[in-house]
Each structure stands twice: as structure tokens, then as C-alpha cells.
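Going by the order they are written in, the chains are A, B and C; count residues from 1 in each one.
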Amino acid sequence: MDYVLNFDVIWRNLDRLAYGLEIDLYLAIVSIFMGSLIGLVTAFALLSKHRTYRVIANIYVTIIRNVPLLIIVLFVYFGLPDVGLTFGQFESFIFSLTIYAGAYLSQVFRGGILAIPKGVSEAGMALGMSNLQINVFVILPIMFKSVLPAMSNNYISLFKDASIAAVLAVPELTYQTRKINTDTFRVIEAWTAGCLIYVATCYLIALILRQFERRLAIPK
Amino acid sequence: MGNGGFLSELVISRNDLFYGFYITVLVSLISIVVGTILGVLVGVVLTYGNLPARFLARFYTDVIRGIPSLVLILTFFYVLSVIGINLNALQAGIYSLCIFCSAHVAEMLRGGLQNVHVGQTEAAKALGFSFRQTFTFILMPQALRQVLPTWINTAIETLKGSSLVSIIGVQELILSTQQIIARNFLTMQFYALAGLLYFIACFSIERFGKYLEKKVAIK
Amino acid sequence: MSDTVLQISGVHKAYGDNPVLHGVSLTLNKGDVVSVIGSSGSGKTTLLRCVNLLEEFHQGSISIEGKQIGYEEKDGKRGKLNSRQIAKDRALTGMVFQSFNLFPHLSAIENISLPLRKVQNKTKAQAQEIANSWLSRVGLPDRGSAFPGQLSGGQQQRVAIARAIAMNPKFLLFDEVTSALDPELINEVLDVIKALAQDGMTMLIVTHEMRFAYEVSSRVIFMNEGLIAEEGTPEEIFKNPKTERLQAFLKSTKF
């Protein structure tokens, strides 16, 4: 094997990689934010007294969680135009990742809500609070603090899933890495750099989220 | 281009679909089995190894789990051929999915083993069990039962991850679907069909998992 | 003519900078039933766990039937024995834990027979027979196929006793074995221990149950702050405590 490592290529293309990472973070943050909202609503629907809500939520979650993200992405971007729904690559991917995130996060939130002892909401009812008030001022805050670890795990997974946007030629990190690979033939350097950036970013995100956990933890 | 067209196209393309689905299942199965075995080994080192071994195992699991599956697959595909290891796309895909699965199994096994109550090890020690005996008869049976749901999840994620090897040209379900769509332009229908097939596969694993959980549950 | 089963000499132990045992010496002869009482933090559980090497100790020696366990003197330096030897030494003793520590994935009978087969290399038939006989002796002859999760606390602890004693140890160690039990279930366990004592089993018992210690022991030891503060017959210890500490302790336990 005659291959001389030359990381110059990486330093020269650092801006493209940084841009790719920026796109990834943007995709992830937007999808995670909207996905969290959908996940929250879905979680309440899953636990609702009304059977209709439960059934719809269950169908949504079961289908999305048992189908690869890639299929959802391809279906939304290439398939939906058949019925007149055309998106650009960016919007299409965010839409797909949001739906995907919502299904997964609904499980986390559902677990968090179930873990709250019944007595807590009963106390709220005894004090005369309405269901909505109990949910917003009692259930939600407690739930947020207890689901932070599981949520963090999911957030990091979703950030990694943003790499699939490369399939739609969205210029995120994976796409950039592959481009550098094919442009410069510096295979090892390109993919080492790409992998390194992903690992470092995931590590940093985990660190930051853990700080949040510590700050927001219910004092014991 | 309506449902009539879809059904006849479905019949025409059934062989390609079957083959694609077969490759998907094959790739997933191999990756899950080999990945689990490898993951158990790494997991044991991660939990009980000496400091340098644990460090290496930790490095391995943290790096692999910090890389998206797609990047892992692409890296394997491109880098290995350059350093002289010539793998075809199918092999590269399977290897990368094995490694993906193993990193997750290692981490979950570590958690499971460390979750076994310390009293279990003490009782085993008090009875004169060697470490190997304690591990085999007392720790692993309990840890494995505990991580079963998580392992089923990882198996499902590996199956879903196999969809990404279509990008390096492996003739699995998604690539076959895309080729069929290129012929008949029934994009939405056939992607939905592929989704349905994945759903059936994943859901089966989930059901199997529930059955296993019941079967091995500690009374 | 030494039927000294256990000899503890000048054992010191510290957790980091925190000393827990300050030089404890104790002799256990065949048939002795010695209870160790004292407040929490007195070191009694730590002492017990040093005997079967679940804890390390830094000074002193522990010998079972004359043979030193856990450590050896080599060229004047004290070294830990290898793990195989330690496992063998552990098999000479039996321990019953406060939280039972039964193996939840095995039935009651399997809990008892597995160590017999794997540590003592008994055949399946032999192990089964021994296990069944001890299960009967602790009063659970027809509960062999039950799993720990299906048994009450008292039943679990009795299985734990059977498991320890089926291995035919030189003596038994009891670490506050009734402290985790509901009050109604304590007596069934204490009765089993009393029966074993009457059959001549050598035992070292750490306990909070003062009346039980008074009734079952041949000797009682009161530990305080890592040392043996008083030692004597149950009469002496419970009816005529000499030291202030012991008097205060007995007062607090309302014996």
C-alpha cells in the first residue's frame, strides 16, 4: 500500500467541513425542537382517556418507529410529489426528521409522565386545579427533569440521523466529507476528519446536556 | 398510473422485491448475530478488564457510537479498499453493521452487568464460586434478562440501518425498490410498499422479543 | 487437642483514613455459638466479612483450623493469596446475609444444589439429595421448585441458611439475618438457627435480637468502636454488664 498521509487537504477544506457541521446542527435543532412538541402532544394522546386519540397516536408511533428513516425521507421527497406535495430538499428532510423524532420522543415523554406517582395529580385535583393546569404546572415540570437523561440520548441519536440528509444532496457534514473524498482522493484523511468531527460533536453535546441535567435536577 | 397499475407492477417486480428483502434480512441477521457476539466480548472487557483493556474497549464503544451509521458504512466502504483490504459492497456493509451493533451491545451489557445487585456476587463469593463460575451462572443470566428489551431495540435499529447500505450499492430492499421505481414511476406506492415490508420485519422482531421476555422472565 | 475452628488475632482494618477495626482477637471452638452485639459502626459486620474475605484487613491474621487464610508471610512481607486459594478458603465458611442474596433466576432447590455441583463437584443426584434434605430441615420440604420471588422473606432467608449449610462449612457466619424481615417472619428464622445450634453447629452471629442472643449463645461479645469491649457468657453480658458502654448499649436496646 503506497499511500502517504497528507492532512493538508483537510486543513484547506476545514471551512467546508465546518459548514457541513453547521447544516447538521441546524437540521437537528429544528427537527428536535418541533419533534419534541409533537412528541409531547403524542405522549399525552397515548395516555388519553379518549380511545380515538390513543389509537391514532399508537398508529403514528408504531409505524414510524418500525420503518427506517431513509424510507421516510425518500417517501416524502420523491413520493409525495405524486400527490402534489413537493418540498425542497431542506424542508423535506426537516419534515421527515421531525416526524421521526416525534415518534421516538413520545416514548420518552410517555415514560416520564407514567413515572409520576398518581398521588401528585390527585393532590392537584384536591386543590381544585383543572386538568390543564395540573398538566402544565405540575406534570410537565416534574417530567422534564426526570426524562432529561433519556431525552439527551435521543437528541444525540437524532443529531446523528441528520447525516441521512446527505442522501438528498443537502450539503451537511457527511455530504461534504464524501465530496472531499471524491474531489481529492484523500480517502483516509477525509473520512478520519469526518468521523472525528462527529465523535467530538456528539461528545460535546453529551457534555452540555449533562450540565443541564445537573443544573435542573430535582434536589434530593 | 393508478392502483390497477400498481398491482400489475407489483406482480411483475415481485422477484426483485423478494430478492431485495432477502438481502436485507440476510445482512441484518448476520450483522445482529456477529455483532452481538462481538459486543458481548467487548462488554465483558468493558466491565471486568484491567485498566488498559477497559480504556481500549471504552474508546471503541464511544467512537463507534459517536459516528452515524451512514458515515460508518461509507468510511468502511471507502477506507478499507484504499488500505488494501478489498471488500465488495455487501461485505463492507455487513462489517460496518456488525461493528455498529457490537458497540451498542457492549454498552448495554456493561450496564446490565453493573446493575446486578452486589449481594449476588458476595453470596457467590461466600459460597466459594470462582469469578468465572459467578459470571457464568449468576451474573450473565441476570444481566441478559435485564438487557433483553434493549437488545431487541438494537436488533431493530440494525435492521433499519441495513437500509443505508443501499447507498454503497448493495442490492437490498431500498435499492431494488428504487430500480423498480425507475422503471414504472410508481414512486409513492413502491416506497410505501418497501416501508410496509420493513415494518413487517421490525414488528416481527418486536413480537419475538416480547415472546422471549415472557419466556425467560424470572418468576 | 485443639478444636479451635476459627482464630482471629489482632485484626486491623481501615477504609482509607477511616479505621474500623483496631486489633480484634477472637477464638471460636467447635460447637461454640458466639453472638456479636454492638451499635452500628462498632465494626461487627466488618469483622464478620473479614472472616470470609469479603473485606480485606491490613494487620493481624485469621486462621481456620490452624491454617491462615487470605494472606501469607513471604520473606517478612505480607502478601495476598491468589484468587483460587481465596475461593477455596471461602468455601470453608458459610455466610447468611441480611438481604438473603438468593439467586433470583434459580429455584430454591437450584440455589442450594448449584454451589454443591460447581464448587464441590457433586453429581446432580448427590446435590439434589443434599439440597432436599436441608430444605426439609429448615421447614420447606415442598417448596423446592419455588423461585425466590414467590417466597416470603422468612422463607427466603431459610433457603439462604440451607444454601450456606448444605456446603458443609466448618462454621456459619450470620450477618444480621433478621434485620430485613417483617416482625412476624423473624421467629421462623430464629427457630431454625436455634435448632442448628442445638445440633452442634459452630456459629458466629452478628445480631440486634438481644433476647435471641441471650437464649442461643454459648458466649456473647460486645463490640464498640472497632474493639471487643466485653466478652462473656450470656448471663454475664446481659445480666451483669461490667463496662459503662455495655450498660448504656443494653439500656438503649431495652433488653
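Rule of thumb we're sticking to: a contact is a pair of C-beta atoms (placed from the backbone, for glycine too) under 8 Å apart; a residue touches a chain by one contact, two chains touch by 3 or more.
Note that this is a predicted model, so its numbers are computed, not measured.
Among the remaining chains, A is positioned farthest from subunit C, on the basis of C-alpha centroids. By C-beta contact pairs, the most connected chain pair is A-B. Averaged C-alpha coordinates put the centre of subunit A at 54 Å from the centre of subunit C. Averaging C-alpha coordinates per chain places the centre of subunit B 47 Å away from that of subunit C. Averaging C-alpha coordinates per chain places the centre of subunit A 20 Å away from that of subunit B. The touching residues of subunit A, when paired with subunit B in their complex, are 1, 3, 62-63, 65-72, 74-75, 78-83, 160-164, 166-167, 174, 177-178, 181, 187-188, 191, 194-195, 198-200, 202-203.
Residue ranges on subunit C touching subunit B, taken from their complex, read 52-54, 83-84, 87-88, 90-91, 93-95, 97, 99, 101-105, 114-115, 118-119, 147, 149-150, 160, 163-164, 167. Chain contact summary for the complex, subunit B toward subunit C: residues 117, 119-120, 122-123, 125-131, 133, 137-138, 141-142, 145, 218-219.
Chain contact summary for the complex, subunit B toward subunit A: residues 62-63, 65-72, 74-75, 78-79, 82-84, 156, 160-161, 163-164, 166-167, 174, 178, 181, 187-188, 191-192, 194-195, 198-199, 202-203, 206.
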